[in-house]
Amino acid sequence: MNITTIVHITGFALILIGFWGMLTQKNMIKIILGLAIVETGVQLVMVAFGFIDGRTAPILDSAVELSKASSLIVDPVPQALVLTAIVIGVAVNALMLTFVIRLYQQKKSLSINDYKDLKW
Amino acid sequence: MTRMDDLKKRTVTAPDGEVFTVDPMKEYFCDKRPEVQEPAHPLLEKFFNWARSNSLWVLGWGTGCGSIELPPLTTPRFDMFRYGVQMRPTPRQAGVFIISGYLAVKTLKRVIRAYEQMQGPKYIIALGSCTINGGMYYDSFNTINRLDHYIPVDVYITGCMPRPEAILSGFVELKKRIRAGKAEGANDYAERFDWYKANQKKVIKGWDMPDYNW
Amino acid sequence: MIKRLIPLLLVISLFFILLKVATNVAPNYDLTGVAKTYAEQGASDLGAMNLVTAIVVTYRGLDTLGEVTVLFMAGTGIALLLRRKKKKNDSGIKNRAASEILKTGSKLLVPIITMFGAYIFINGHLSPGGGFQGGAAIASAVMLMFLADSSFKINHKVFVLIESFSGIFYVLIGVLGLVILGADNFLDNRILPLGTFGTILSAGTIPLIYTLVGLKVGTELASILDNMKGELE
Amino acid sequence: MVNPIYIIAILLGLGFLLPSINKAGIKVTVTIFFLGIIAVTAISYQWLSAFLIDGQQAVQIFTAGFKPPMSINLQMGLNEAVLITLINFGALLGAIYSFKYFAENGIQALVVFLLFILGMNGLVLTRDIFNIFVFLEITSIATYILIGMDLRLKSLSAGFKYMIAGGIASVFLLLGIILIYSKTGTLNLDGMIAAVSAAGSSQILFVGVFILIFSVVIELKVFPANGWALDVYEGSDTGISAMISATSATALLFVLYKVLPLASIDLTKMIVIIGVLTFVVSNLFAIMQKSTNRLLGYSSIGQIGLLVFVIASKDILGDNFEKIFFGLLISHFLAKAGLFWLSGIVKAEKIQDWVKIKKHPILIFMFGTFILALMGFPPFPSLAAKWSLVMILAENGSFLWISLVILASILEVLYLFRWFGYILKLEDSEEKVEKPQHQLHPVYIVTLLLYVAGFYITRSFDAGLSINFIPLAFVGILFLIDFLPVYIKNTLVMIAVSYYGYILVPGLDTLKLIFALIFLVGGILTFIPGYSVKGKRIGFYPVAAMMYVGLIGLIEAETFFQFFFAWEIMTAGSYFLILRGKRSMSHALSYILFSAGGAYLILFGFALSGAETGSILLTSLSEVHIYATMVFILLALGFMTKTASIGLHIWLPGAHAEAESDVSPMVSAVLLKAGVFGLIILFIAMRNNDVSNLFYILGWVGAITALLGNLIASFQEDAKKLLAYSSIAQLGYILFALAIMTNVGWLAAIWYSITHFLYKALLFLAVGAIVLKLKTHKMYEMGGLIKKMPMSFISVLIGIIALSGVPPLAGFGGKWLLYNAFILKGWYFQGAIIAFSGVVAFLYLFKLIYSIFLGPIKDKHRKMTEVSVWYLIPQYLIIATLMVLSSKPRMILEKVGLYFKEILPENTVVWNGDAASTFVNGKLFGVWDPFYIMIIVCVMFAVLLGFLLFASRKATKVEMFNIVYSAERPESPQTAHFSYNMFSHYRKALGFLVLPLVTNFWNFITDLFHSSSDFFRKFYNGNAQVYIMHIIGFVVFFYFILNGGIF
Amino acid sequence: MELTLTSRILYSLLGLFIVFNYGLLQSGVMRKIVARVAGRYGIPVYQSYFDIIKNLAKRSQITHGIMFYLGPIFRLGGGIGLFLFMPMIFGSIYFKNFSFTGDIVLLMYFQFFGMLGMALGAGEAGHPNSTIGISRGLAQFTTVEISFTLAIIAIAIQYQTLSVYNIVAAQQGGILHWTLFQNPVATLAGMLSFLGIMRHAPFNVVMAPQEIPIGPPTEYHSTYLGMLQSNRAILHIVESALFMNLFFGGATNWIEFIVKTFFIYFTTVFVGVVFPRYRVDQSVAWFVKVPLVIGVLGVIYATYIN
């Protein structure tokens, strides 16, 4: 059980927990939180995929010899991707919460079951 | 709408919205008077009369109780067919009208209509006493007493009721009259049309027909 | 029962999908593909110590531009969605004043946090961090001020201007790459000299871009906070 | 060339700029906003023209000065250029449509819209998988904001549902990206595709690719993970819905196109299934839909499903993929955008409320254009695309897909045309339609573009090159000059038809000549009554001309595609014509449903044939052997829907009866012959293809059609319905005669075609004119009109004598030929049925002429006058023709016989003078001397008439009640008119033959579809959480199928 | 040897004269026979002459309109036309009439010529009973035609021709060559339809004198009626002759013609006095049962022996 596996499993578990929350919680904010948990899980998994046991961060400072950099650092790409993913996730979550605020103002309810006017 | 109203003037709307009046009495019926039909050339007329006398088509309509005596005529015992007498169901084709017995005013109206719809030359055989003087109904309020005041009769057959034999002899008598060229009832009706009409209108209350039924 | 059963079934099914991934993950032992190229050439190509920054700002600069756009758009959208009616009645509920500790603490901390944020984005190419992180730190300073002082208002005009122009400059820097270096050099950091590896003024436009991003993110997040903090109706 | 990066730069730069120049005022902002969009549109158009005109090669644009996989690269090729031009132009129009709405909501809306465009451009251009994710998020977030910004409950809840779904899709996408990256080490699409195909089987890749592609598919709103999407379409502002349906769907489709090469064959097949399923199910659910925008949403999703199917079938479609994809996409794009915009202008919640545009011909025209384009009617691009799609699918033996695509297309026809029917036929509402100019202009433009695109795209198909667009252009001109008074347009149309005939006729062989004459002469004759109409008769001439263009196109057609193209034009034109009738809504709908169904069967048949022989010529049908039976059945069924054979006939009576008075002869006498023409083409081509059993069956079908048609006609009270059923029966004769497949049989068929054209046109013109004048169809409400309309009476008299087959008129020729044909063929019992039904015709013919003209005249008709002279002129022209043909049929029949002699040498007719005779083993079989018979009958008639007139010269003319009525008189004209239920005794004896089994069957089918639609659409119960379940369930379900089990 | 047109017309008129008189007399004789069977003396055999002359000699006349004329004209035209298009005497160039202009199909459809005209004329008369009669007549006639068609198809199969003249020719050479013996089933079907065509009892509900006073000709009288009667005389003989030609070997001289047509026509009279009248729906249904089956069997038989 190395650290990658632990992070992987944590990530997957968060994904499942998040989905469980999304599927069972009626409160819209909780559903958004569920989605946020899923996102976090995915982000963890992403980072874990770039991780190599025993290596250092992809910063070529004094700890890393430039010529051997490729054998000393972990994969920088997933980290770059996660950065983007996090920012986008934040944006979406903020927007979703905004929608919830506006919805709540109209119906004074946070239950997802109360917003079924559009159907069939 | 009662039957009387059927012939009253009415306002109708055409499909294109035009509103106009319809007068059924004028527009549904031909209101022309009958005319005297001149016989053909005497020789030809004789030939025609011979044929007419041998082809007597009787309107199959029993107007009164006497009509009970007509069906036996078609049986083997009397067999009127051998004289060229046949029944026709429609006045258009019939030449002989048998008024069989008493004639109620109500029936008279129909008789007149049927008679007028027959094509000339046409003949009328009046059957039984009632057609002559009203018979046992002479004082009835709704039975006519004398038929030839209303339509021209060619042959009267007396009796109450006359036997089929008597009717057969009536046919023979009619044949003789036809051959002699005396059976011109249709022309008589046309000539004295006003007189007949007046008589008819006298007894028929609420005359709601055109004056002549073609 | 059934209401729980279906989610359960679905989550179990998802579990099996993820299980398949988990059981097949082989630990990496070496860098492969593009990562290896980055590791080998990144420093010499772009002159940035922080490879993640190199990737974020230059190699995958278009992503970052998009990212900034997303955040900008989220801010704009939230402003749009939470827009207030023109006639605002100020005589509404008075917010309860913050505690003395918070007030004092914030006065102490806000400048430090802001400075720290600025440090993060200015040093983005040298050390962990960058425009987004720095921006977020600055925004947290603004948030602290909101918490400390209920009547605190940000200067919208200034914020908007900062937001706009940092964005525009970012785009312009990208376009400068096209103008100076050629059709394939959008967002190339090499329109400025790469400088000495490992110093602040190195890695071409990366520090500049990260500064702009930092400003932009900071103001945007702050605006979002401002919009979401209430006072509706 | 302007670097496409500038598109991104401009949009982004302006997006960032706009908030800061808020102070400058809304006008400046909006101007800048539009300038930006125009600029990017111009850039994309510049690229498009470079590719199209200068033949430029696709270019790669790198960023940051590095080559992929190190940096992100963009690709600009023809496909991309087309798409971004489409998207940017669509967005420009959308912006024009919506800018006021945006401005009302604040300057931010403009910014978001710019970034929305940016996102879509990026999606199309980028070749980097993670970049796709970023642009996808930009597009999605922009969409969320645009949906929610008006702050209505509807749009907010729809937006929220969309966000949840989008959020799930994006986490799946991220997961997929990282899984694939972990195995391939690159994010560049091209590198990834190469690496995936090189990697062989890897479980992680398997899951990664699956999740990646399914996340894109979910974004594409496929069934069943699309409940949220419908709510979005319904809940959002129409301008936004238009953008979602048109532009962003286009960009997303292209994303699918880009990532699909990653997929394994099995996964691709799965996408194929999902696409078709979406197309079918969406259209099925749509048929019960009443809400305008939701209906459009269903339709959108259906169309996108079809496009997903096309993309996933790319390998099968090969070289034609682009044309098919763009053909369908452009139709969908323009039409759906147009429809949503129109919906926003009309502001009608329910589709029934659209009736308020009834008074606005331009809106109706545009609406019609859009729905026709959606369904794939000519001349729109989707026709050629669908055509090619089916052709290629058939080549690959994908018959199931073809069937499903056809089924869904028919459902689409059902709800779209029903909607169109509502517009034209429901009770007019008082509501006014406001027509804001800035909103209308985009709709005008897309309408125009649809035609332009139709022309160019149809011509880009090999098959489309041969289409003659000039007549269609004439139809277009007619639409433009529709404001002119009737007599000008009428004259113009007649001149055009004559001129077309003048240039067309000399080059035709006998068979085509006959049908060309039927169509052209029929056209001219049936246009003459048009002069009697006052006013403008908006919409009549273009659609009538359209029908005739289609008919003539059939004559000219050499290839399958030309034929099909003409067939669809004709169908559409005739549908609009029929729809003009007062109570024709449901009948026109069933007409178009059957016609469309028939057309699709024809398409299927042609496709099968093409698949086997590889040829596109109509004559190549003769080379079909493997699929001969199928091809024959499909084509025959297709044509028989038009000829209304029994079982497929239920559309005809209503359609023909409820059409306008001068339209009935067009559709009955002329249009039905199109089906006959098709059958003849089919039979000629496939006579030697071992389908003789089918001919035998068709013979029976024809006979039974004839019998039942005539029987049902006898029980009609509606004059035009009676004639319509009579047409069914007459077409039954023709089918029977054709199926005999001997020379004399075909002579009979041709003769019937000609004479039926003449006498049915005559009867429909005469009866139609009377119906028009009397304002009733019911025969028992007519009566006695002979005195008021003697000219019409003579027409009808000649018509019924000709129809009944009584010598000496032309109808007898048909009977005689038919008897000879079926006895020589040995089809005795079918023949007996035909003979019997010929006699049954007397029942309704008598009823027709008696009930209308004889008997007592009704009071309200007493002042009736003769019908318009414009109706009488064609009638008497027809009578003259009939008389000539009756006495001298050799003129035509001999040529026809010779023409068919090479094809069908059996049982020819030998001519001797005017006499026709048939021979068996050298011995005389049958003989017919029409001229002699005509002379004898005429002389006899003249002598007897003379005698009678002399004998009854003194006859008294009497009136209608001078009848012996048991020495009474009738109460009213009605009592003396024995018309209603005239053949009750016949019904008592033979009524069991005319039980409405077929109608019940089709009712059952439609009920089945409607009730299943109503039942299954409850699946979308409006709860966002349930939608989440749908999405996850959708993913796991297909995952397990693909995986072949849980592990 | 071919006749000139003029002489063909003259011979045809002569034939028509013979048929007309024979028809008048024959109907007298038939009625006489019926009367005698009933124990009556009966009408004179020449009664029909009186009736026709009388009708033509009627002095007054009405008309319901121009179509009213068409009834008698078409009716009589139909009878005469049928006569003209039918070969009367086989082997005689004089009484072949104009049969070369058409075949059995022409004759079948020419039957409708009269019916149609009568229907129109009666319709113009405006009497509802006429129309009722017409509707019944047409309805009944449709089903009558089924077995007739089947019988004709059987004959056409058997003799490989539709030409009546050739059909007769094929039956020459002895009594056993008649269709009656060659295909008794088809003959039976044909004769059953003949009952319907002649409209004697049990198929005379069309006229139904007691119910809808004689149906179609209700309004016809005088000259019109005379023409109708003339047609009746001609038509009875011509229809009988048609069946004679089809099933009973035709006739080579007038004697044979008279004998055969007499007996053929007599069958209808015979059936008529034995069976009571059907309602129209009953007769329609009856014709699609028994004669239809027999007709089908006849066709099958003809196919089989051919």
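By written order: A, B, C, D and E. Residues from 1 in each chain.
Keep in mind that, in the parts below, a contact is a pair of C-beta atoms (placed from the backbone, for glycine too) under 8 Å apart; a residue touches a chain by one contact, two chains touch by 3 or more.
What you see is a predicted model, and the numbers here were worked out from it, not measured in a lab.
Listed by label, the chains that touch chain C and also chain D are A. Ranked by how close its mean Cα position lies to the mean of all protein Cα atoms, the top chain is D.
Across the two candidate interfaces, D-E and A-C, the one carrying more C-beta contacts is D-E. Averaging C-alpha coordinates per chain and comparing to chain A, the farthest chain turns out to be B.
Summarising the inter-chain layout, the chain whose CA centre lies farthest from the centre of chain D is B. The centroid of the Cα atoms in chain C and the matching centroid in chain E are 106 Å apart. Centroids of chain A and chain B (each the mean of its C-alpha atoms) stand 112 Å apart.
With centres defined as mean CA coordinates, chain D is found 50 Å away from chain A. Distance from the chain A centre to the chain E centre is 99 Å, each centre being the mean of its Cα atoms. Residue positions 15, 19, 23, 49, 77, 84, 88, 91-92, 95, 99, 102 of chain A each touch two or more of the other chains.
Residue positions of chain E with contacts to 2 or more other chains are 60-62, 213, 218-219, 222. Within chain B, residues 90, 92, 214 each touch two or more of the remaining chains. Taken pair by pair, the chains that touch are A-C, A-D, B-D, B-E, C-D, D-E.
By the touch criterion given at the top, residues 773-776, 859-864, 956-962, 964, 967-969, 971-973 of chain D touch chain B in their complex.
Within the complex, the chain C residues that touch chain A are 3-4, 6-7, 10-11, 14-15, 18, 21-22, 25, 27-31, 34-36, 38-40, 42-43, 49-52, 54-56, 60, 63-64, 66-67, 70-71, 73-74, 77-78, 81-82, 126-128, 130, 132, 198, 224, 227-228, 232-233. Every residue of chain E that touches chain D in the complex is listed here, in rising order: 56, 60-65, 67, 69, 72-73, 76-77, 80-81, 84-85, 98, 100-103, 105-106, 109-110, 112-113, 115-116, 119-120, 123-128, 131-132, 134-136, 138-139, 141-143, 145-146, 149-150, 153, 156-157, 160-163, 166, 213, 218-219, 222-224, 227, 279-282, 284-285, 288, 295-296, 299, 303.
The touching residues of chain B, counted against chain D in their complex, run 3, 6, 10, 12-16, 18, 20, 22, 24, 27-30, 32, 61, 90-92, 110-111, 113-114, 117, 209, 213-214. If you check the complex, the residues on chain E that touch chain B are 31, 35, 38-44, 47, 49-51, 53-54, 57-62, 209-210, 213-214, 217-222, 225.
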